[in-house]
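In what follows, structures are represented as structure tokens.
Below are two complexes that have subunit A in common, paired first with subunit B and then with subunit C.
Moving on to the complex of A and B:
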């Protein structure tokens, strides 16, 4: 029985527990820098490439017309506010596979943004395959498209550049 | 000074210092273990990178060699002679058109053989064929599967090993478009005149100067007879005749360039949807004539084919059942004689969709898996 505690420690359990806690904390902090972040980044890159490719395809006309007007799917969709057509084109594109059946686990939400007035920008929702809840780890793919349309704030139909933006995530 | 009388449940400072040093050393060793394991854990990440690299090369690069002139043909043409001349397997039409693929390059890439001595097609089991030209892995030798599905046609082509179901693999998916070459389908009924004679000439103009250097500069939509296949179908020949029981004979096809004195031979001729090419003329025709010119045809036959006006003149003879010449109206856009090259009536192979079905871009998916 200790009757005084100058220059001594109480118990070996206390010291051991303290060291174990320090070691655990050290390992936990250290472990987060091992490749988990890298994996996530690479998955994101795949999604980003996929979204960027899909928008590029939709923005490329299948053939040229005599008057050389861009008749791409993307332009037509924005000019006619056709969210259903966007979904019918974009969703299979990002989910279809070559050798196996599509599992349809990549979801998206799409909108386009344009200049409104002098200094502000406005955004218009196109469509989505599922609503964003806030917990998704989304990646963004964008494409500039020139459309011939009367956007809010415009006095007439004219050529306007809009930025189509798609947020995608794995379900 | 206090003196300890009982050491139960107490530590000495010496033990504490020693134990602390041991634990710090232990922590240090444990902390470097994940680093030691990175080499083992990162295989999947390497595979993803290899798959991504291969995907980019296939979808965004035209490969090497690329077409320069008649003596520097592109890799898909070199492949038809000797695959050892192929350096890199890119599928893009040009480096200015990423994600837009050439039909001929895609066909060449997926044209495989099991014969190890065949030098005009790739053999997956020969490591040099795909690994050194598209996957670029020396050691370890990656296993790979490259597949392409055309969305509209629901056709899938693939090359490589079977993708393992029980282990992970690196993977990339690219969305691409394949350029389908132009085709002219000429309805003979729409191209006849009042000439009631037994010999008829029909002339088609390929103005490569105008096609290549004219209004359409984008290689994705350009008609370039020097780099791409040209196909001409002439249909409904028997509907142009105003006499009963007439035999139609295709007696000659002259491929000629303005300024040249001797005609060049034709490339591939198909009569009445026969799958075997017709090699010799004259030949009897019932209803349809198809002419196909491979991408190298014009360039190998004539210098500066890309800046030429090339005429394809088909001569038909009409005979009765006894073999005697018979007069009738027929497919003819060269009224009067002698035949005039500059006739405004020549069928122009151009960018008018009423004349020629323009090059089409078909959507497709390209997947690369590496493990």
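Moving on to the complex of A and C:
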């Protein structure tokens, strides 16, 4: 060894300390933004709340007084099988935001479920903004509606409770 | 060790300390995945919207003249689409007993109109 190499150890220590500091900074910055598998539930939850709120707004009558006939938008839509009206009301409710990111919309497909016979249930398609291919990661939002309608299997028009079900997914 | 320069022992000791702290930081990062998952899952599992919705539809329709069809609808559809046992009774004074149970969460209410 040549003389005068006493500082080499300090150099190595300096490099090691630098690496440790960089690693620590990386860990600290990363710790706040760890996106775990469980966090996808948070997005699902937000989508579900959004859909439930939209359905709740549609299921609320414009003039809400107790003991009056419920003429909410949702009830009218189901009683008259008006898929276009559903789309015209529901789609803006879930997609109108302050910042519109190009054309990335929340898509949905809606149906309602009714009782058929004693205990079996059937679903009727209402409308959809896009066809479901099976690859989407969907979230379900539901709303109970009482309608005055003659459903299949009924002999007359009467008050029936149906469950409106909407599957939503981010496009 | 004799006659060797043992000044670097501090450096080695610090090296140990740093590697142990890395180990604990790794444990913390590792645990965060579990924490996020269980919280989000327990929130999504609680049927808040279901209970509110079933309560809303029952209370708003206590004045129906014929409850039979609506009651059967709610019971059958809840069971098949929501995996929940729902039952309710409406009394002549328009008060209602509401029961909801999906196996995990149970909700009972005796509602009286004001």
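Some observations on this one:
As a working rule, the second predicted complex is superposed on the first by the 125 of 171 C-alpha atoms of A that agree within 3 Å, B and C clash if a C-alpha of one lies under 4 Å from a C-alpha of the other, contacts with A are read in each partner's own complex, and residues count from 1 in each chain.
Rule of thumb we're sticking to: a contact is a pair of C-beta atoms (placed from the backbone, for glycine too) under 8 Å apart; a residue touches a chain by one contact, two chains touch by 3 or more.
Note that the structure is a prediction, hence the values are computed from the model and not measured.
Judged by the touch definition given at the top, the superposed model places A:62 against subunit B, while subunit C stays out of reach. By the touch criterion defined above, A:15 reaches subunit B but does not reach subunit C. Of the two partner chains, subunit C is the only one that A:113 touches; subunit B does not reach it. In the superposition on chain A, contact is made by A:27 with both subunit B and subunit C. By the touch criterion stated above, A:161 is placed in contact with subunit C alone, subunit B being left untouched.
Of the two partner chains placed by superposition, only subunit C is touched by A:48; subunit B is not. Within the superposed three-chain model, A:143 lies in touch with subunit C and out of touch with subunit B [touch as defined at top]. By the document's definition of touching, of the two partners only subunit C reaches A:121; subunit B does not. In the superposition on chain A, A:93 contacts subunit B only, with no contact to subunit C.
In the superposition on chain A, the residues of subunit A contacting both subunit B and subunit C are 9, 23, 27, 30-31, 34, 38-39, 42, 45, 49, 66. Residues of subunit A touching subunit B in their complex: 1-4, 6-12, 15, 19, 22-23, 26-27, 30-31, 34-35, 38-39, 42, 45-46, 49-50, 53-54, 56-57, 60-66, 68, 92-93, 96-99. Note for the complex: subunit B touches subunit A at residues 2, 4-6, 8-11, 13, 16, 19-20, 23, 26-27, 30-31, 34-35, 38, 41-42, 44-45, 48, 52, 55, 99-100, 145, 147-149, 151, 156, 158, 163, 171-177, 215-216, 218, 220-221, 351-353, 358-363, 365-367. Residues 8, 11, 15, 18, 22, 25, 28-29, 32-41, 43-44, 49-50, 53-54, 56-57, 60-61, 63-64, 66, 69-70, 72-74, 76-77, 79-82, 113 of subunit C are the ones that touch subunit A when the two sit in their complex. Contact residues of subunit A toward subunit C in the complex are 9, 13, 16, 20, 23-24, 27, 30-31, 34, 36-39, 41-42, 44-45, 48-49, 52, 66-67, 70, 113-115, 118-121, 141-146, 158-163, 165.
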